[in-house]
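Two complexes are shown next, each including subunit A; its partner changes from subunit B in the first to subunit C in the second.
On to the complex of A and B.
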């Protein structure tokens, strides 16, 4: 059930929802666009019409995506605090916001925290996701269905709802986790406050993010595994390879594009995660669980340092761009190979 | 389960359970329980009577009650939030479908200068870091006196879901054989008629699933509405849910009822879409 038999390797790059073939009368040609009809015949030269057709899309993205990005850059070059907001003055200060940030130990603290947070989350997500994907591939039908369905529920939960649930699970007084710890015989969980420090808050956020993101990796991993022919496993077994060896010499090379693309997707997603971190404990206690997006938000709308916040945003986007450039390169390479 | 006296055939179907197999199945069961538990706990807490919620040792067996739900929906302005959420999600999805249909048809079926560039733009726009752009968006809205505006929020959500919609529809349109369209044109259809009468009906399942993914994105959005719509009248359900618990002290039963009400439409849509969710979404930044 749940999972399409078609590959996650190719699906990672392309779009076409794979279930389409079963419902659309003209079948989606193989795995999505993998086998496009000859190009020359497919597209006819059409003068100005295509430009008219893409114009609304281009215009709306220019106004509501490109312009805010440019505006962000402009704001980061201004002094824009509470006073300037009221007087509506424009005070240009060049790169002062940036120099101020780069020499501020608090900023570097948040950067390091964000990097550690991202690294820990992505490592856990990829590791657990892969293991569960491998497990799914070796389960019987009924068990696989059960586990896939459970994963689906975790995946589908809206983030703000999951944050609320996790706050309840880890509630100081009546939370089920404190009860569980007591039942397992640990001392000191009478009224343990799981959100006592920034670090402990981020641990809970990590649990939430990993819980919500593992299903994506595991189910896609399983979908990808089904494309690795069983002959390959058997051949490896015949040659005497154990489980570990089989993974590294048969499974991994075959699914390498999938691993890389998913890893970079997760890096991007986790690094810019806002709702999970902010809604969990508003960046607190004492601003101790702020990651970069939350830091920018609180510096801006909380502390009313809008120019500085814009500069934080720009620096965050620059870091994201590094991860994205790898991601786009991988995707483009895949598109070409098809 | 299979005894030594079974026929060879049933032996093959059900090999005797070896320790490794037992371990494997137990692990799977434990994992399923771990992943399901928070969702289960939400449902069950939402049905618990107040005094069973506030007990040091959680109660697993109880007589379900619906008393928490009226508390959750009885919040001031609840129906305004529902209306706002519906307007922004439906508005964004419908706009995106309309605009994306035109754009993806051009990309999938026509030859023009800049086509490749357009594909690249759509791909990059899909990864746009909206959460990090809230400050600039706030200043733009403030300068244009558009804070607390539902139309602006709708427009932003529309652009949020647009790239994914174009990307997916492009695949669906490309999957319709061009011969069908040509045949219709030979039979005397204009190009527009060929699109309306031949391609469009075949796209229905694609339009359906694409718009449902768009619905999930817009329904769950948090950062933008938090920054832009401070007035209660302009809140959506995401803000209602995140501010519910603080407003109600520790009424966890009602908070879980609110979570359930918020999550239910998404869960239903998602399970309906699950075949497409795997694989098809890897390229889309629908949910992290």
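On to the complex of A and C.
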């Protein structure tokens, strides 16, 4: 991922400093990767050393990611409920778990809900994060430090702790929010249930997820903005561009790779967000706030249908891969253009 | 995993030290050398008074030289996943406590040892028949009943006195009393009753002659879309209208005994013995004084109290246990008459022991006394392996209750719930 984004940044902006990963100074004329640079680059070590160096990373990936993935795939082709788990029977049922899911309207409800939830969250996170990033760039030193610290605290907050606090804030009987609404003079907040429906529950979850994720975008945005040369702003000013125009003509094209990678990272994170959604209301009321990961957890561990849950998670991965393929296509296209 | 590792190290350490002792004294090395064993017992939080189980283990260890009994306390929350995983392993706990509504579900998986041959040793003949029902499946014995308990109404004597209300005998008296309390002090909740207290609802349903699920030929089906369920739910709704408790929560979220009642302004609530105890402790810790009275949930007529869910636990032995014989011995000792008498005493009657002849005589006005009055009308959820699937979260009965309380037609909500219940109860 880092390498991809690096490449994207390089291709789009000449002002962006190159990362520490590439030791060579930027070649004067175009891409000169094929020509061996005259000096500065050490001879590549040969023999098994490179393989040894990369082995721990590959091994840990294989153990922690590949093995569970393959195992999961195998499980998804089995009927594995409480009984099979205890008797250790292996019952192969082919793609039954998949056909059952794909013909289940509940599953499609959850898929749609997950997609809307992700879209709403990512849009809010990117929008607010960008605005706060721009603000950081404009602020004076003291205020910038204060805001950065506030953002860091929100970012560093452990998820379950923050969910617990949100639950109590919005509690029906003892919640601060209900008290606040009453104090401000709004009627009907005597015992307002903020978790009345699946939708209202997800709205609260969205509040939490956005609050927790905006700092990442804002701070990165600010870091990106510091790399945009001030002469570009001056030039824009000379041409009479307003703030809106400056953003779209100067900031956005310069930081396009940043927006791209951050948006896709946020999509991945929000789509697979589990703790925030589950801990908020256990997927309720009446299963109305279940997103795909929560659905898999409830079917798997709650209902003890481990095979079915494996199939759900495989389908989730497939959907994420489909979304990510857009990103890789964009990257590849840019490389080609270059 | 970590715990097992620690246990293994602990056992290894003990072996070394015992071996060391053996070489020093050179006496009883023979008997302990081959018999160094650990018997693991899982009990649920709040089930086994510490002093009581320590005494059982002491006696057991004295009888079986070289055997150590290790008691591990488990939490109810998420216990099913844990038990399933434990029973699937090569080194499960030897003895484990199972909720009475869960036992059949595990018996059918083959994860529990068949205890039919050990009936006499375990004291089968003396067991309470009502409690025994959940321990057996298809004529085979899979666990020993341990204890049972049921809910009663806990009330604040001061609040009742202020409103001039005495413990009711019938539903009408109950509702009248709650009306009076409401009038006497509008700040007080006459009864705290969250919308998803489904064991309470089950009692009302049994009062009407209905049930949560009924057998239909070889299969089971949900029975909430019935006139009985409508009547039961209507009464629940009437009762719940006296409470400001959330309609989409059960009595444990927030925990009524420690999070709600100690805050005050609750004239009565429905709970178990340990909940009443917890509330008293919480009130006293906050510097207050609890003065609770107890009465059985009123029935439709004055001559019988309302039906109640007979909650309780059984003790089972894992089929894959490496020490089945020892486990049976332990079970016979712990669930035997002598220790169950001590058990009843240790819990001062707030849990009923498995043997009627050793019942503790409760004090007048105690929780145990009110519970004992309702025990004869105690019932349990349908005894079928699939029932355990119905109870797992998200529980369709809870969702059904919330829907009806929020205004959905009870028949329509019942049909939706029945669909889920029928699907789940027929799965093994």
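Note that the second predicted complex is superposed on the first by the 268 of 338 C-alpha atoms of A that agree within 3 Å, B and C clash if a C-alpha of one lies under 4 Å from a C-alpha of the other, contacts with A are read in each partner's own complex, and residues count from 1 in each chain.
The rule we apply is simple: a residue touches a chain if its C-beta (ideal position, glycine included) is under 8 Å from a C-beta of that chain, and two chains touch if they have at least 3 such contacts.
Please read all numbers here as calculations on a predicted model, not as lab measurements.
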Partner chain in contact with A:82 - subunit B first, subunit C second, else both or neither = second
Touch check for A:304: first (subunit B), second (subunit C), both, or neither?
-> second
Give one of first, second, both or neither to describe whether A:324 is in contact with subunit B, with subunit C, with both, or with none.
-> first
Applying the touch criterion given at the start, work out whether A:139 contacts subunit B, subunit C, both or neither, answering first, second, both or neither.
-> first
Scan A:260 for contacts with subunit B and subunit C and give back first, second, both or neither.
-> neither
Which of the two, subunit B or subunit C, is in touch with more residues of subunit A?
-> B
Kindly classify A:173 by the partners it touches after superposition: subunit B alone (first), subunit C alone (second), both, or neither?
-> both
Based on the superposed arrangement, let me know which partner A:268 touches: subunit B (first), subunit C (second), both, or neither?
-> first
Looking at the overlay, what does A:228 touch: subunit B (first), subunit C (second), both, or neither?
-> neither
Subunit B versus subunit C as contact partner of A:68, first or second or both or neither | first
List the residues of subunit A that touch subunit B in one complex and subunit C in the other.
-> 173, 301
Contacts from subunit B onto subunit A in the complex sit at residues 24-25, 27-29, 31-36, 38-39, 41-42, 45, 53-58, 99-100, 102-103, 105-107, 109-112, 115, 118, 121-125, 127-129, 131-140, 155-156, 158-159, 162-163, 166-168, 170-172, 174-178, 180, 202, 205-206, 209-210, 216, 219-220, 222-223, 226-227, 238, 241-242, 244-245, 250, 252, 255-256, 258-259, 262-263, 266-267, 270-271, 274-285, 287-288
Which subunit A residues qualify as touching subunit C in the complex?
-> 81-83, 85-88, 172-173, 191, 193, 195-196, 282-287, 298, 301-304
Please give the residue numbers of subunit C that touch subunit A in the complex, ascending.
-> 80-81, 84-85, 87-88, 105-106, 108-111, 244-248, 254, 389, 392-394, 399, 402-403, 424, 427-428
So in the complex, which bits of subunit A are touching subunit B?
-> 2-4, 6-8, 11-20, 22-29, 32-33, 36-37, 41-46, 49-51, 53-54, 56-58, 60-61, 64-65, 67-69, 71-72, 75, 80, 132, 135, 138-140, 143-144, 146-147, 149-169, 171, 173-174, 176, 179, 211-216, 219-220, 223, 261-262, 265-266, 268-270, 272-275, 278-279, 292-293, 296-297, 300-301, 306, 309-310, 313, 316-317, 320, 324, 327-328, 331
